[in-house]
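Would you mind keeping the following structure in view while I ask a few things?
For reference, chains read A, B, C, D, E and F in written order, and residue numbers begin at 1 within each chain.
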């Protein structure tokens, strides 16, 4: 295992049962059954929950996402079946718990809390893989990760989230990436939006994406290109610059992920989404999130399983990317 | 039918199928299948939805309450089986739709919208029967109804909702009645809180209720007194002054009303709640609300039916009260 | 906006909150948040509920379809993301409520009620887009729309619905299109049935479809042709004659639409269904229905969302078709 | 075991696994895991399913009742815990399957099928214990059991089911007992209705019950009398004449039995219902039914368990009654 | 706070967010949001999960109980509303995680694992409050707690769990307390079983309970005595000897706790159960468990909330009992 | 109908209503509404339930599979829509009930019970089509069917089930096919595993499959080959030797089959699975099973419908295969 840092984590790790021998339904539900730590030192990748859904204009519930994703993530084992990557062998990975909030009734303050929290994580040299929460959480994360160099973005979603406002509000979950471009933390020219679909009340968000330089792959083009064609486009757009992945669970068809606030029919299958993600190996990845899982709308609990598996797919990408950089 | 006002409503009424002959599953879901109107003139009692849950500190979902209560209210017919009151014969009753909001991301602004809306309803001489929404909506309603004379309150709930703040916020759904006392729209000495139970992190809310002069009937005393004993206490407390009824659905045991954000076991049965309400005939009632129905936590939909039936029980009380005053 | 008729609707329209600014969970649930009207004059397209499931031989529940489709249709916005059609700019569109029934215990009488209701709609020059209800409702609708000229039909379904009888009954939901051919309101030679699959107890319905001249595209041929190949077939069959679209939700795989009475696995995806519908632009469309949504079998509510979105796809087709004719 | 008839059942019995040793989740789901027979000869008590809900004016689904009650009845064991009655030791008991229907689209024809079926059962000297289906099924059963002597009736329900018509129909599930009185198969003076509640659109059904001589115990009187007081009333009313028990599951509060078409809050608990039934020992019982279980509205399946347990309570009553008569 | 031990726990505690200020849906789900520790030294009361259901003869799922109870226990705050006990002020309380198992396919080996685990807890002087798991887990716990002095038992349940075997097995969840008596760890004369009901296939378990000297309060006697009468009986039976509380969630009526493997209708309400528990203050309590919560049968999740609240009620009893002994 | 054996079944058949005329929701739920028999003589194909899930290491519930598959199988009619095979015309088919178990607490004993049961079925010349239960049941079935000649295997699954042990156990549901190879009842060189995916904690199971000679088609290769390519591979591997089909429902994506214990996202669609099965006509088939349906995780019940339909697809294959051999 190349270049693992010294870890202060080991002393804490013993408090959590090891993942493999214990039955999957037993033990405390941390992300991927990883140790729960507070100090990021010694960690390569932090799994972080951001239980906030106050910036939603429709159906709430994503605040319950991290809990249920943690719960279902116990089902995920360690070695990826097609790439044979075991991220836990490549990197030190831990669950850092949930971002603490000082005032959950003000989106802007929550966003500040998130920004401050990720600042510390980032300063410790740790790559964050987050579970939302609504999509507004990507904005404060990008404020940290895209601060020095505007980030490239691989954005899987039914919606471009580039409205100017939603219901009069500039920091709703449908405005994140427009704000990030305006704030200079997101590089629109290195941004690709995949799976976009569903009616809108105005064309402004689609227009903004296009005019700002983003590459928008509507669902129809996705089908026409095929996943491999899409992968080619993504690589062309983001190149080898620092790139963030933001996976809104509603990028998938609601048959695959019903538990979300703004489902749009006619979306990706999980086979397509997984194939897409596996096509992103070797990129320069700086972090990722999986957002908009709303357990109250998920009677079978499988949306949380989907999210946990998507997190594992991304975790493999991040771990390999970090391991390569360490060499 | 004594004293019905002239109604401008009739012209609108024809747009809604009449309630009795049509099957209950058919037609547009308005409250009690009443006509939908915008102009309060000519109405005696307005059924109003307040789809807001942004002041919740726990599980959201009550914003979906008015829709589902409307939906299930189609099951409720017209003549009360024990009192034989038919409120539709005593009063002009209409569904006035939902309160419109200008900024759903700020509780204070939502509360202002509610206050302004109810001000118009109140000025038209209409008695409001509201469906929440979280319990914070009672505060702006009381700002209107208790403006001239502080209102008495019959408050059925698991919680006193008299915290100073919740998570640092003064206008959360757990602070409404403390704020109302402070603002002078609620008369603590004419307030009775019924069904209180469940652990708290501090005793301050219980203390405030007591020290401000409210009569708090914890669930244990409820059981000891029996419903008739409770009714006696209520009448003693509120007397014949103007009185508001606020029914938080979590006053009921979650076996009867699982679909709510902060369920507390060990609560009232529906038999007890209905008996209690029927004991309130003849009071001077100025309005009422039924709040905290959260459909995403209600797989069978029966919590919305409970809420609709409780609304009907209260509607009978209000109608009789109004009819008596008209005479 | 070309050729809008003068509308008597505007006076009613004000009673319904406008769709865009209000949160999607608020307000009365009409189809697509459109105004509710009773008088068809001035309307181009009427959205009509037909809450009847008494002609089902299996699992009931489609009588609850219109309510839940209305409810979920609040999620649908106004501009189609790929065609950029905004149907509300092209046509006057309203919710006309549900068809009233005189005797819900007799399918034949219900069918008469439906026929009489649509006769008035048709005479007012209004194109109906209906939400069932079971599939038997298409028969009385065709009695009106195919009266002068037998209609062509684009029929998406798992079943041909061309049995002679079901359980001894000639007007069940599995016999509609045989009856319509026999009654002379459906042109079998201009009928295409798409997505057919699932075992039958006799081959008679498949045989009738074939022998009467219908083009039957079983699911296997659907897969083999691909959606674009199917679109070619459809256009070949229906030509430019007057054509009706009947979309049985069980044409979709139950993974996408579990809430239906007679689910058959191995069906279309929503991507396929939407692509198919978008391939039908420019046809001479006279009406459409979406049927067999049974909410009691739909724990997540997403089948109603699927149905609402399919209605929106069809609404765009109808609006464009009408707008073209008006020019 | 006193006076068991010679049984032709034994040869069939071997085809069903015996109830006690096999796990409760295994084997074919017959009522109480009893043998399935077609020939009533040799049986004392027949458990019969009547899967019909076409006479419902509201929410359908009771047609699925017999299946799910059978399924959950595997949970019920053999010896009653308080009376220590083992009905299977006192009587020959079998599942006779479901009543076959010739035309499910006509309530009157279904009622004829039921009547003809029960006629054969009755002629074989077998006492029927039926699982509905909607409450309309009691009418044709009474046509058989009350033919020679009008039956007394212990009727547990939220509704009196004595409307003249429902939605214009004389044989709906809300008219059964008025029809039975008119047809002379039900003795109104020996009828007691227990648990009545919920609003009605007219007082006619309550009036009919009263004026025809029925004893109506509204829920309020039920609470006031207490269960033992109610038992006294029941015994007073039905005396020692031949008596039928009809248990509508909506007599229970929907907290206890949510899966039903017309739930009314404020009903009996299961403790109360069981205590009531146990107070009926020694009556002259001629049959019984448990109706209106609608599994599509019963997410947990517990309503079917409630119904199965109520059937077991009644089965003990019937078995003891028969055994006493045999002596 | 009288007599708290020195605690090694504090260093671990910091890894878990403190309970009160964080929103209840955030953070890692430990029991009551208490710190997770492995070393029992310094703890007074350990909250322990025992996720095992292999000794069930019916519906499985209780292995998922500890996770969901932990999840819902975040809803429980710190000060008991009627006794005003704050157990966290009286004692050091921690979540010790789940018992690790070596072979989940053999009940006897699982029971050994449980015994060995609790032996260490017991030797550290820690009082265990456990969440099952099926009821077989009480046997190995009693092997530890009743080793020196046979324990008295307050057993709330629908079933006596004193069968000799179930389906040929001596260590099923229906045999625990007979085995414990035979093994000499349970004092039958100081055992009271409360809420017993539901049919059995033989009378042997009821007979064993009675003949061994246990006081069995069937549900009928429970109703007749009233809760206060039952409390008197309990105190009479257990006296001041060391006493264990075992609360099978199916002691409650399935309306209150549907999520369990062997529901029996006609059980206790939560008001009754809570009143009963509050009547047990001042006893000499040595531990307790809450068992048989089966989340797969609990669509609303409220059974887990009930279990968490019952755990809190018992936690208050244990904490007070320990605090008194320390004085 | 070629070569039907004389059947002793007819005398039993009359006890079950015939499948076609009765409504699908009526009658006793046997597999495909076939007669229930105990004596295999005269049967060609036996439908058998194996309600066991004690060898699961994760989420239990598959013991409830046979019941719910039987229940939903009433929805399946008789003539396959694409092959036009009516298996009931080709063969005598019956439901033989569930395998009886002597000790459900010991997997090895359960496996012996299964083996002994299938031995009798096999000796009677009957081909078994089984519904699990967990995947461990395939091992004892292969002990019978592969005894004389090791069987070839078409294995559809997310997992290879070729672990050496799971949680220390050699007979868990994840070890069946390794054991079968070791025991000599499965021919690894004639085994193809299709749909494999999902992370593992070690590569040993994938390695065993490969090294033993099995052809493993991971999901990625499945997508790349397309279904027809996969069919070619299957035919190449199994040739014309005796071949068993084992269909684990988790081979399908959880969007299509959520009700299973170990769901893995990114699986087959039902269209793919059905196309695959239809490509297997003409093989030398000796039996089949459909396993791992866990109804407690299947809120809509559609997973059981999927399983029943897959059983029907396989039934057609088996019936045709048998009919060809008879000729």
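In this text, contacts are C-beta pairs under 8 Å (C-beta built on N, C-alpha and C of every residue); 3 or more make two chains touch, one makes a residue touch a chain.
Predicted model only: the values in this text are computed from it and were never measured.
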(Q) Going by the touch criterion stated earlier, list every chain that contacts chain A and also contacts chain E. (A) B, F
Q: Mind listing the chains that sit against chain B and also against chain E?
A: A, D
Q: Compare the contact pairs of A-E with those of each option in B-E, B-D or D-F, and report the one where over half match by residue number.
A: D-F
Q. Looking at E-F and C-F, which pair shares more C-beta contacts?
A. C-F
Q) Same or different: do the copies chain B and chain D touch each other through matching residue numbers, with over half of them shared? A) different
Q. Approximately how many whole Å separate the CA-defined centres of chain C and chain E?
A. 56
**Q.** Interchain centroid distance [CA atoms averaged], chain D/chain E, Å
**A.** 38
**Q.** Sequence positions of chain E contacting 2 or more other chains
**A.** 23, 25, 57, 59, 63-64, 104, 167, 253, 255, 269, 297, 299
Q. According to the definition of touch, which chains form touching pairs?
A. A-B, A-C, A-E, A-F, B-C, B-D, B-E, C-D, C-F, D-E, D-F, E-F
**Q.** Of chain C, residues touching chain F in the complex
**A.** 57-59, 167, 196-203, 206, 218-220, 223, 253-255, 258-259, 262-267, 269, 297-299
Q) For the complex, which residues does chain D have touching chain F? A) 12, 14-17, 22-23, 25-30, 36-38, 49, 51, 63-64, 66-67, 70-71, 95, 97-98, 100-101, 104, 299
(Q) Please output the residues of chain B touching chain A within their complex, sorted ascending. (A) 53-55, 57, 59-61, 63-64, 102-105, 107, 167-169, 172, 296-297, 299
Q. How about chain B: which of its residues touch chain D in the complex?
A. 19-21, 23-25, 75-82, 84, 253, 255-256, 269-271, 274-275, 299-302, 305-306, 309, 312
